[in-house]
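You will see two complexes here that share subunit A, one where it goes with subunit B and one where it goes with subunit C.
After this line comes the complex of A and B, so read on.
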């Protein structure tokens, strides 16, 4: 009995391994349905769930097979493992939002060696292991939109302050540089009085805002440029009883700020439409996989989004979107 | 007495056979539904992805055999990965020297666990729960949770990413460690003492076994091999970050228990553990090939584990009922 079982297990392995790999997907003619594998940073995150809504829409439109999978636990090796599995599985295109830039690049490099096309979205890998990065917002786009919105709300006049995550975070410093450039260029009657770090913590953003409110009685607006800081700043303004008198804007998720937007504490939340990000990613992946999108292209027509701009190897989603009292209920991420 | 021994042996054998059948079933099923599941490439994927957990599970087996547990192996993997990266990048050591130092550090960390458990007579669960937090905390403190070590030389990365003699390089480490621990546990008196200690610690002490030394040894071995897993993990991913190996202790324990080792100590086997690792690894890999989402893997692993535990109870129940019907009182 025991021998028989061992024998059958060994046989099962042998039968399995003797199977020769099928010819690669690229050799099978253009008429074949593409398989696109889409990976979020983590699976339960509302941000990526809404990306997937857009991805599903695009997959239906284009008639491609869409695989969606990603880590459900905090193990940083998991993204790599799923990508390696997909490589072996022989998907045509992999689209991934990278949690660990360097770590995932090893797996992506191997996938490309097997002839699989790679696009990244939301957060990039190292640039040598992917064909395109679907960039949801350029630093300039973010900086300009934030500053323009601040100017609109304050009538282009008065003092404002910035809450950032840390004074060393590379992406936020890039945004601040663009905010300050826009300020210097277009709004001479506005003044940036302080920039405070909140360590990416809501509580600290709240206490920093409280002290800003007492230190600068003429403050007209607080601009929070890291996600947890937007509700943090709003809570401080609300508790100080200055709702409406001191405006709050920032980069954040509609869901976390809905309450304050409806109470008129926060005027505008700025982000991109995550559904469009997923939609554009699948469109780009499909075009790349079928050969209609090649490195060096300057624009690309992506379904309902129309012509999107390509800067180098970055496919640009376009201007950030402003969520306010009128439209925030339409978005649930 | 004779009957209980027979039941025990039968149970042990039956369990591993059952697991082997489950594994064969998994392989046949996934091979039928996934067109590339049965390729050699995929077998290597499975090997590469399960090496670290396999290593941890193999050295967890002697610990659980003695009736102990080590919750700190995943955190120690993270800390060792960070130390390795730090020594290589900031200390300027060549990868090989850094790896040797990391292994020594791992053994020392294991000795800390073993020392606290045997000298201070603290329960293993509590001691290793403490070091579980301590090691992870240290890794996070060293990197401030943000620093990542990367850009390792290709000569080092081949340890985790390339094949030698036709199989993944890290598989050699797993084979060596598994063979070594198997021989120790099943073919030496030294190793048999682990089961004796787990079965009856006081009895083992009265029989003249150096119980504390053996127990401490099992934790030192676990520390050493956790460090080895850390080095392999770093080579496989090409990066060392403070969150490396998060949750691996539970995967390792799951594999050991699924492999038929009693969580109370005293009975179990290294080959059972390896079968447990394989059953989980094949399941998690095969589901991708069957186009099933990841969360199904966790669910099915849980079901498998619970079934395995229930399966262990059935022969006892049968023996009990038989004995009762034979001697009704």
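After this line comes the complex of A and C, so read on.
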């Protein structure tokens, strides 16, 4: 009963959000309005709330019904339950950020057997149970953006160090490889003097940076490529009284770095625009549901984002976004 | 007597050698600010390690302190974020640690369960509970909270003083007070201790409770060092604290060891990692070298006890 109430409330909300249907966008023809169900890993998370802002925008633009529901806390079992409800309800497309890659595949497979299209975003499922994955960032995009930003801040000259989570983390090693490739290719006067693991801990990142700053007195920049390391490195630079003299950049969340960005300890925080991720996901879901997007396509025109590249079954959001002093207050995740 | 202190002195000798090498090859290691920041960062580790020494001397172990540390830190962070006074935050953190320690203590001393199993379980429960609750999200603290509202260096010296006082008082108490000797007695031979009128279960319980309280204090000392609380903090703290104790001559088989040795062991351990940075050694070696040093200390212990007839 409670679930039914919530569902109807969500439905009412979604209908309220899409008051001006524009059936002309729906290529399958008049009258049929797609229902797209969007699921975050958890509802309360600021990251996914801002994804939803973009999703709402796309839903209004395309005139589709958008359902938004997910677990209160990241919970794979609850994700499955909601997907089964959606299957019963008979939505057209399900878009989901998967908490557990394997755990969700049965529910998604069942949904597809009922003719429901599936896209994943943010975190993929196994590739056999979805049509497309909306991929927010490629390793090359991340590596290039980090390295280019480091070069811009240091005038393409001087020593820098990397703080990573661990020397064995596959995704981070991939990023490091791309950073080093970009460095070798474009910035001959810059030098990577040290790479230190911080075990994905803010405290350890701070200790490591404290030592790096005095062991390498010519250091111009610290690049932190795991999220807890960005504020950790910033705190070390601040405590050493080197704010501004040694720049700090990294991959992270605006909320965890706002204080340091405003104090000019951290210059740039790099991530993707979560609003655009939500926006693109709904665009892709709509195109898939209405049959305009088929496996094998190389590009896809997604509203205000223009032509979006598709690599295999990955729809790419494109270049990461840089948060800095000027824009960080617009983001609260 | 000479043999009894073998391990402590060998640790001190290695430490002196390492510092000597740094003085010649990388004198920047001794610069004031990074040194003070580094020591302040490790002051909480010393406090937690003092607690773990008590438990090890009782012939028990606690591998849940990293998780306790994180829980207490989050607790302190939430209290601070609610704008409660510093004293309340401090008491809250220590109270949280004491309760967690009491749970371990009750299970080990009360029910007689093996401490390695009990604390393995609580380690996972606290850590995963925290992950479920916080989802790794940081807690942002109020502006005036960092360094107890003092200046940076005053705050850092305060932390060093807290750790130093605790070490000195505890070391003296362990040596000179009867209560201090209880821990050794229970750790060497619980049955003999019982016959001598000591209550082994109560003593063991007390050791776990004290460790919890110290861990709570340590978490508080960590929280004041930055404007945010990382709910993952303290991961690996148990290894560092146990290694410091063992390297410093606290016997893992209980009943033997002192806090000065532990202090030397910790100093050595916290010097190795930055030393490798200053000496520009590849980070891939870091953990292997730490492991090698711990192994060396254990071998020294083995050699020592073989020489000494029981």
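In the analysis below, the second predicted complex is superposed on the first by the 298 of 333 C-alpha atoms of A that agree within 3 Å, B and C clash if a C-alpha of one lies under 4 Å from a C-alpha of the other, contacts with A are read in each partner's own complex, and residues count from 1 in each chain.
Throughout what follows, a contact is a pair of C-beta atoms (placed from the backbone, for glycine too) under 8 Å apart; a residue touches a chain by one contact, two chains touch by 3 or more.
Keep in mind that what you see is a predicted model, and the values were worked out from it rather than measured.
In the superposition on chain A, A:100 contacts subunit B only, with no contact to subunit C. Of the two partner chains, neither subunit B nor subunit C is touched by A:291.
When both complexes are overlaid on chain A, the residue A:239 reaches subunit C alone and has no touch with subunit B.
Shared-chain residue A:42: touches subunit C; no touch with subunit B. In the superposed pair of complexes, A:73 makes contact with subunit B and with subunit C alike.
Comparing subunit B with subunit C, more residues of subunit A are touched by B.
Once chain A of one complex is fitted onto chain A of the other, the partner contacts of A:256 are limited to subunit C, with no touch recorded for subunit B. Applying the stated contact rule after C-alpha superposition, one finds that A:201 touches subunit C and leaves subunit B untouched. With both structures placed on the common chain, the touch criterion links A:188 to neither subunit B nor subunit C.
By the touch criterion stated above, A:312 is placed in contact with neither subunit B nor subunit C. Common to the subunit B and subunit C interfaces on subunit A are residues 73-74.
On subunit C, the positions that touch subunit A within their shared complex are 26, 28-29, 31, 33-34, 37-38, 41, 132, 135, 138, 140, 152, 222, 225-228, 230, 232-233, 235-236, 273-274, 277-278, 280, 283-284, 286.
Residues of subunit B that touch subunit A in their complex: 13, 17, 20-21, 23-24, 27-28, 31, 34-43, 45, 48-49, 148, 150-151, 157, 161, 233, 236-239, 241, 243-248, 285, 288-289, 291, 293-295, 298.
The part of subunit A that touches subunit B in the complex is made up of residues 1-2, 5-6, 8-9, 12-13, 15-22, 43, 67-78, 80-82, 84-86, 88-90, 100, 102-103, 105-106, 110. Of all residues in subunit A, only 42, 45, 73-74, 167, 194-197, 199-203, 206-208, 210-215, 217, 228, 231-232, 235-236, 239-241, 255-256, 259 touch subunit C in the complex they form.
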